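Below are two complexes that have chain A in common, paired first with chain B and then with chain C.
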Partner chain A sequence: MRQYPRWPIHLILLFVSSLMLIPFVWVLKTSLSGENIFSYPPALLPRDPHLFFYVDVWYTIPFFRYLVNSAVVSAIVVAANIVFNSMAGYALTRNFPGKRAMILLFLSCMMIPFQVTIIPAYLITKKMALLNSYLGMALPVCSTIICIFVFKASFEAIPKSLIDAARIDGLSEWRIVLRILLPLSKSAIATNVILAFIWSWNNFLWPLVIIRDQEMQTLPLGLSRFLTVVEDTTGALYAFCIMVLLPGLILFLLAQKEFIAGLTTGAAKG
Partner chain B sequence: MAFPNLEYFKRDRTRQLFLIWFFLTPSLIIFTLYRIIPLFWNGILSVQFWSPFGESRFAGLYHYEEMFFFDEVFWKVLWNTILFMASAPIGIALALLVAILVNTQIRGRNVYRTIVFMSYPVMTVAVGIIWQWLYNEKVGLINYVLISLGILEKGVPFLGHFSLALPCVILASIWQVIGFYMIILLSGLQNIEPALYEVAAVDGANAWMRFWKITLPLLKPLLFLCFVIGIINSFTSFDLIFVMTQGGPAHATDLLITRIYTVAFKLSKFDYAAAMTVVNFLFFLGLTLLANKLSGGEAGAVETER
Partner chain C sequence: MAWLRNRYILTLGALGVLAISWNIYVALNNDGIIAGRVVTAEQQPVSGATVTLSERSLLVAVPKGRTVTDDKGGFRFAGHTLHHFYLEASKEGAGRMPPKEFRLYFKGQNLFIEKPLVLAESK
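== the complex of A and B ==
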């Protein structure tokens, strides 16, 4: 194709990137120094960085408690998602009576945003006596339709002859999934881990609805509570922000290649 | 016995079917419990006088009548929700521009992609706090920049302003979701045959025509997907609004979902909130079907059996 000048593209992309990055940089800076925008002259880097606000957050609120709660819920959700979604994804690659109906059902469930179910979902959770519990927080997101289809697409990309060969060799269905399909679906697993983690880690509305107990609050709830307590100029709030968004960011940066690969196969299919 | 193995195969087939359904069961239970039952229960609740203690009584269309004819807040939040949904194409168009640019063979394109996507994995509550502060009247970055550039004389309380608050919240939500749109559209762009562009170029089509005649039509299904995500965003933005404005000032940023939360869990009117949820869901469904029709209808098609 014809050569075109590169610098306008770089210019636009640099502009967009800085718009995306500046909020992060500013929050990081404030969390390290506590100085606000009116410190003169305004500087991009903190002048006198210290970790006081991080320590402050750790000791003034039950941060550790929130962290444990969030970690437990996320661990349940991630584990359940991998197991349940790969099982369902594998089932959907097989032929069985009612398969079309199943796929239709799953796709229509995708059209029911979780948010529109909160009132009955709250009543159901209450009936099951799961209010104020880890399981109650985790259960609604323990299986996600997009991820089922990500697994399905990934399993279908594996040559059928390989599976048939394994079957002739006498491997049971369980072993076929565990020994052949899953090891060959690394990007689908990475996508599942990241999405499940992000969704449960960041989940706010659902815990807000079902958690009344101070002891059971997760990080997002703690963060929003903290917001109502402190003045919004203090560095502690932004230190808190950095501490809660770091795990998601790190996980994403570590596995972004697999994640994007898995997501795009799923998106292109679904 | 001509086929001694037939019985064995039959048994094997039954066993496999059993296994398939066993594999599907956990997901089915979760979706039934938290998607399907709630959907119908919402409908039932919306035509009842519900109370947490006593018996619930049949209410007919009482709640709907109240909502449509006597509740001004409902119309206000419905309008806000429509505006919020209508803003989705702006974010998608921006994301498309970025996706096309990072799809060119320029140096550092992977870095750009990562940076643009980075806002997506961030906790929405934290995004709300960050943006609330960017908009702050006294110490916010946006006011600072506008004052330094001489556009403003003194700080504007963006989130406290009746007509500015909603666009400001929408901007924050676009900021967060734009990377997700970009990744989806990028995957579509990478699936387009480069030969198509070459042929078109040989035939004398300029870049502008190639975009309208090749890129856009081929991206239609993914643009539709982005649009659905954009509409769903009007539900998921609950977190953002709860943190940034709590729906204020005077319902200026209240969406249906935030209003539903308030009515149900603050005012304890579950039945009325359920009726609003039904309206919200039908609205969402109608819009999605309409968009599907406009995008050619292929995006919602169920995969056919192979």
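== the complex of A and C ==
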């Protein structure tokens, strides 16, 4: 079979990847120089770069407080997602009456946007006395249907004989999930961690609805507050965006291998 | 100890070390000292010039300190808690330097201004 040179396709891929990076480069460049998009002549690299816009952000609003709030909420969401989604995912690998209806219900629920359910969600949270609290902010994203299916696909890829052997050895269903399935589903766990973290980290609408205390605000709310405090926001606003993006970006880069493996588990199952 | 050698621990550890180092550096350099010199356009030191330290709020510049230069034209502020401020110098008969912007990496950072503030005779 004739082997074609691979460099042309790599060159095209490199070019397309560079195009995808342009918005990020632009945000980073503006955060370092304050030049807006209309500056002329346009330049790829920042002129006279400095980090003072980051300092402005740090001192203009209680950034560290917002960072801690976002981190606490994200930690709750990530932990809850792993626990609840793995349990739900395992349940969906078992046979029980109405399983098909349950899967269809899950899939149809994915079509309903959060904005539609925000009023009942608010009323439930209020009834539970969780308004203006970390747990209240975390509650609606403590389990997500996509992540349940990620776990389901990962668990189904594990040989059934392994689970049967564990059952013969006397392991309970809980211990099968904890000792057999979860250690073999690291990619699904990484996918859950990344998706839950990013969804929680970027969540704006729900915290906006239930948070009243300024001390309880998260970073996305801080961003909107920042816009009302600072007059000339070009550089500082972009610096803020970089500071908000950075934790999610680091997490994604660290776990990207497992993340991609988690999303593709079961995809090529014949 | 092999379990410590993975990319999660190394990255988070490096970030932790960076944060601790930065805080140590801040603690060692946050006496709030601003020092410099005032000279004429001919680079002659100006004694008795008034140097004003001000912070810009949303609309106006709020004065935060004032000092007078010594025989060698030197001035010094101590204990400031600013990270973005303006310095202005003037002396009757010698001229004036309009507010000049200075930015620091943290509040109260010590700043020794190498380039002197130059008074220009007002027309």
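Keep in mind that, in the parts below, the second predicted complex is superposed on the first by the 232 of 270 C-alpha atoms of A that agree within 3 Å, B and C clash if a C-alpha of one lies under 4 Å from a C-alpha of the other, contacts with A are read in each partner's own complex, and residues count from 1 in each chain.
Note that a contact is a pair of C-beta atoms (placed from the backbone, for glycine too) under 8 Å apart; a residue touches a chain by one contact, two chains touch by 3 or more.
Since the model is a prediction, treat every value here as computed from it, not as a measurement.
Measured by the number of chain A residues touched, the leading partner among chain B and chain C is B. Judged by the touch definition given at the top, the superposed model places A:F151 against neither chain B nor chain C. Using the contact criterion defined above for the overlaid structures, shared-chain residue A:L237 touches chain B, although it does not reach chain C.
Of the two partner chains placed by superposition, A:F63 touches none, neither chain B nor chain C.
Of the two partner chains placed by the overlay, only chain B lies in contact with A:I103; chain C stays clear of it. In the superposed pair of complexes, A:L205 makes contact with chain B only, with no contact to chain C. The residues of chain B lying in touch with chain A in their complex are 16-17, 19-21, 23-24, 26-28, 30-31, 33-39, 41-42, 45, 97-98, 101-102, 104, 106, 108, 112, 114-126, 129-134, 136, 139-141, 144, 175, 178-179, 183-184, 186-188, 190-191, 197-198, 201, 222, 225, 232, 235-236, 238-239, 242-243, 257, 260-261, 264-265, 270, 273-274, 277, 280-281, 284-285, 288, 300, 302-303, 305. For chain A in complex with chain C, the residues that touch the partner chain are 50-52, 55-56, 59, 231, 250, 254.
Chain C contributes residues 7-8, 11, 58, 83-84, 103-107 to its touches with chain A in the complex.
Against chain B, the residues of chain A that register as touching in their complex are 1-2, 6, 9-10, 12-13, 16-17, 19-24, 26-27, 36-38, 42, 80, 83-85, 87-88, 90-92, 94-97, 99-100, 102-107, 109, 111-124, 139-140, 142-143, 145, 148, 173, 194, 198, 201-202, 204-205, 208-209, 219-220, 223-224, 227, 232-233, 237-238, 241, 244-245, 248-249, 251-253, 256, 260, 263-264, 267-270.
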